[in-house]
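For reference, the structures are reproduced in the following blocks.
The two complexes that follow have chain A in common; it is paired with chain B in the first and with chain C in the second.
Entry: the complex of A and B
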């Protein structure tokens, strides 16, 4: 049985084709703003091509992500929480917690003794859009995603920016630029500030559920950010190779369930 | 009426018609030109101003909320009018909206803003409530009477509470004397005592309603409906006899619904509590949650305003938490007696949801337990109401006690500027899905 999962986020759309619990096709593209449905169709087409299948072969398509209701062809929509939980448990049955970091939303889930979702914590507005923020800051500082990912940690006594609000952080970054601080140092400071904001979501988990925290979402590609998050939180995250596609994987698994 | 996934019978509430009449009457009363209209926030058993022949107190909470609810563009104008006079965004939205309308000089319907001739700001230390009087006085130098809000932490101390009541009683007696002197109005002590007696009945009826809501599954009354009427007789001041009759009407209907399992939400399968007033302009989230079979039982705020706080008694029944009434067992004879009784509940709420940073952590868990809740939806307000203080700690305790918790954020219940309605509904979707609930099919 072939099923499709589509995660249409604020910035990117990811599609996954699943066969017997294994990913056989992936597709990806920009989510396209008002053209989300077309962007999702394109990503799905790419995933189907990789899987060597056609849309008629699919027994179900489930959408997740911020744009999930913009898809005209999905059979069902599930929240990002459901998709993340489903993917994490599929990849790591012993997972106790999931942290999902996207362009827009940071989400933390815990699992209870029955492997159902226990607690769900979403970011506050002040911690919204971390992925988008770092991308925009990279553009401002003229750094590529790879360069952002390879940034060193903030050095002791190095530049810092406001870690309570991305608007303030951006203003601080501009101020540092005016002081001739290097782009890389500013970028490290911004990355660290974003990690601190992400930690505020993780900090809401009071029960000792941090034994096996699976980290998912597009921001996992930014190694400097992940390193800063690990340092700030003290959590040793488990990151699957499919982390970026986890939302789509979870959606495809839900499609299989149905 | 059938709900999707209906589990119980549900019916429209019959007290609605009377509630609408009383609401319309209140609107008419505050527009009267014949009376001395003051801005007052009275957190007391009875509206003591009614013991004057011609004094009306208007609260800014409902006025500000109604503006925000009726017209977003006008509410924004009001906020701007207030902000350009130096009243920042951290000021309670009830005030900025209501008093912005005063600064503009007209109300949402275009009619002139009623003149306030004196101010009695809410004596509440939780946030900027005490600034309310100043905002009115910025407009016109009217008399203002402030009351101290006495609080203390730690174990109950009855001697201290009596001293606190005495301190405040002195302030209130002075207010009454000053209003008599300045406006030539005679305070009628007999009427004042009648008011207290009447409102003790309102108190009793509202307590019963809270108990029915807490004890009965499915709940006979949702907070969405309760919020529509719960200020009648308190924040929206009406004739005391009307208030007593109305609350009896509500109590009797709720009792009948409880007895006959007439549900507020016919598909109730998830009960949640809150700690705050909601975003008054966006009450439709309650309806949205009904798609999941979720019903809100209310907040500490709502049940405190009406019924006080409940606790489980040794025999297993629910009743109001014991409070110190001063002077104990003393007959109501003098004005001073009445003033003391009037002020007692405000001295230290027995289960205070705002001020006591120790009690409030535990209180919300107990509240969830009493109302047989499955979860809690907590607001992170940017300003006003003050209750957001320690909200995160409350969430931690709730989670530890096994309740699921979801947050949403906004400016303040009477201010619509910061509430992202779409995001809020998405958060509710996430909350419900993580509880294993799906919307009933269309």
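Entry: the complex of A and C
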């Protein structure tokens, strides 16, 4: 059975084709405003091509992500939490906790004894757009995503920025730039601040959950951020190679339920 | 590389008519903002050349590039300029500057140059800060208001939002005006709230109780920006005059001055028609600095 899962995020759209529990095709593209449906169609077409299949072969298509209701061709929508949980359990049956780091949302959830979602915590409104913010700052500092990913950790006594509010953090970054602090040092400080911000979501989970914490989402591609998050949280995350496509994978798994 | 929807075009111009070698006084102003930088060169008080470019992460480099672009191939060199005044956020990085001055005075002077002597209210819509400045009949600041810290970065965020929504920044304003009536504005607190709400407005009508069109979504965001600027204008005080609307004409400067989605809404709410700038309204700071350089003095406007 062939199913499709599509994750319509704020920055990117990801599509996955699933065949008997294995990913056989992936597609990705920039998201957008009114163009989300078209972006999803393109991502799905790419995934189908990689899978060597046609849309007529699909027995179900499920959408997730912030733009899940923008899709004109999905059979069903599932929440981002459901998709992340399904993907994590599929990849790691022992998973006890999932942290999903998207452009817009930071989500943490735990599993109960029945392997269903126990607790789920979403970032507060002030901490929305953490992933997008890092990209915005990379543009300001004229650093590429690869350069952001390769940043060193914050040096002791090095520059820091506000870790509570991105508006203030941006101002701090601009002040540092005005003091001729290097772009890379400022970027390290911003990365660390974002990690601290993400930790606040993790800290809201009260049930012990540290055995197997699966890290998902597009921000996992940023190694410097993941490193900072591990240092700040003390959690040793498990990161699948499918981390960025996890939402789409979870949606495709839901599609294969029927 | 994907199209950068949030990028506005850089520009420069150098006069072909003015014989700078015959000029008695040549001065320049350089305004290094967080997102954009400008240079303006004046020959005996007339605009001879200007440049408007994206600042990037190196203020010194931006300043050098701006002045070189403004000089163009006129044959004039930096050494030929009698005085160069720097201003703006990064206005302490300009290697060739002979002095520095504050942004408010520069804007007041530069705006009078751009909009003419009838101008009394300047609304500067920058990348990080928004300022409302009230002027006396002469080039002096009477009162001013700057956005509070939480409201910083609204201009820059429009660039980023256009990139996220994949709508060219030069089109979002016009597009937002294609609405029969303005919808409720998104949050007016900070750009994080505003963005989250704006991104959440997209979606198919059958899933939403109040479906908005594309134009209405842009309107909702830009109206929120206009609304907070109206608050600044409203807090300007001129006790002798009372209502600031009767003190005279209004002009918009800065990057968002080119966004009719913001400016038209401010004009509508105030019931006024803004003056038209003689040159790029982003040049106000740099022209003001060049004028102050010509007066040989530092800031004296506050």
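The definition used in the following text is that the second predicted complex is superposed on the first by the 258 of 258 C-alpha atoms of A that agree within 3 Å, B and C clash if a C-alpha of one lies under 4 Å from a C-alpha of the other, contacts with A are read in each partner's own complex, and residues count from 1 in each chain.
As a working rule, a residue touches a chain if its C-beta (ideal position, glycine included) is under 8 Å from a C-beta of that chain, and two chains touch if they have at least 3 such contacts.
Predicted model only: the values in this text are computed from it and were never measured.
Asker: Quick one: chain B and chain C on chain A, clash or fit?
Answerer: fit
Asker: In the overlaid three-chain picture, which partner chain does A:125 touch, first (chain B) or second (chain C), both, or neither?
Answerer: both
Asker: Once the two complexes are aligned on chain A, which partner has more residues of chain A within touching range, chain B or chain C?
Answerer: Chain A has more residues touched by C than by the other partner.
Asker: Going by the contact rule set out at the top, does A:204 touch chain B (first), chain C (second), both, or neither?
Answerer: In the superposed model, A:204 contacts chain B only, not chain C.
Asker: After the superposition on A, what does A:81 contact: first (chain B), second (chain C), both or neither?
Answerer: After superposing on A, A:81 lies in contact with chain B but is clear of chain C.
Asker: From the CA centre of chain A, what is the angle out to the CA centres of chain B and chain C, nearest 10°?
Answerer: Here the answer is 80 degrees.
Asker: Which partner does A:142 contact after superposing on A: first (chain B), second (chain C), both, neither?
Answerer: So A:142 only meets chain C here.
Asker: Check the residue A:70 against both partner chains and state whether it touches chain B (first), chain C (second), both, or neither.
Answerer: Second partner only, chain C.
Asker: Who does A:30 touch here: chain B (first), chain C (second), both, or neither?
Answerer: The second partner, chain C, only.
Asker: Applying the touch criterion given at the start, work out whether A:183 contacts chain B, chain C, both or neither, answering first, second, both or neither.
Answerer: After superposition on chain A, A:183 lies in contact with chain C alone.
Asker: For A:174 in the superposed arrangement: first (chain B), second (chain C), both or neither?
Answerer: After superposing on A, A:174 lies in contact with chain C but is clear of chain B.
Asker: For the superposed model, what is the least distance in angstrom between any CA atom of chain B and any CA atom of chain C?
Answerer: It is 6 Å, taken between the nearest C-alpha atoms.
Asker: Which positions of chain A sit in both the chain B and the chain C interface?
Answerer: 66, 125
Asker: Which chain A residues qualify as touching chain B in the complex?
Answerer: So the residues of chain A touching chain B come out as 66, 78-82, 85, 107, 109, 116-120, 122, 124-125, 204, 206-207.
Asker: Under the definition above, what is the set of chain A residues touching chain C in their complex?
Answerer: Residues 10-11, 30-36, 66-67, 69-70, 72, 104, 125-126, 128-129, 132, 136, 139-142, 165-168, 170-171, 174, 177-178, 180, 183.
Asker: Which residues of chain C touch chain A in their complex?
Answerer: 2, 34, 56-57, 59, 89-90, 92-93, 128, 149-150, 152-153, 156, 160, 164-167, 190-193, 195-196, 199-200, 202-204, 207-208, 214, 217
Asker: In the complex of these two chains, what residues of chain B are touching chain A?
Answerer: 380, 392, 395-396, 399-400, 404-407, 409, 418, 420, 426-427, 429-431, 433-436
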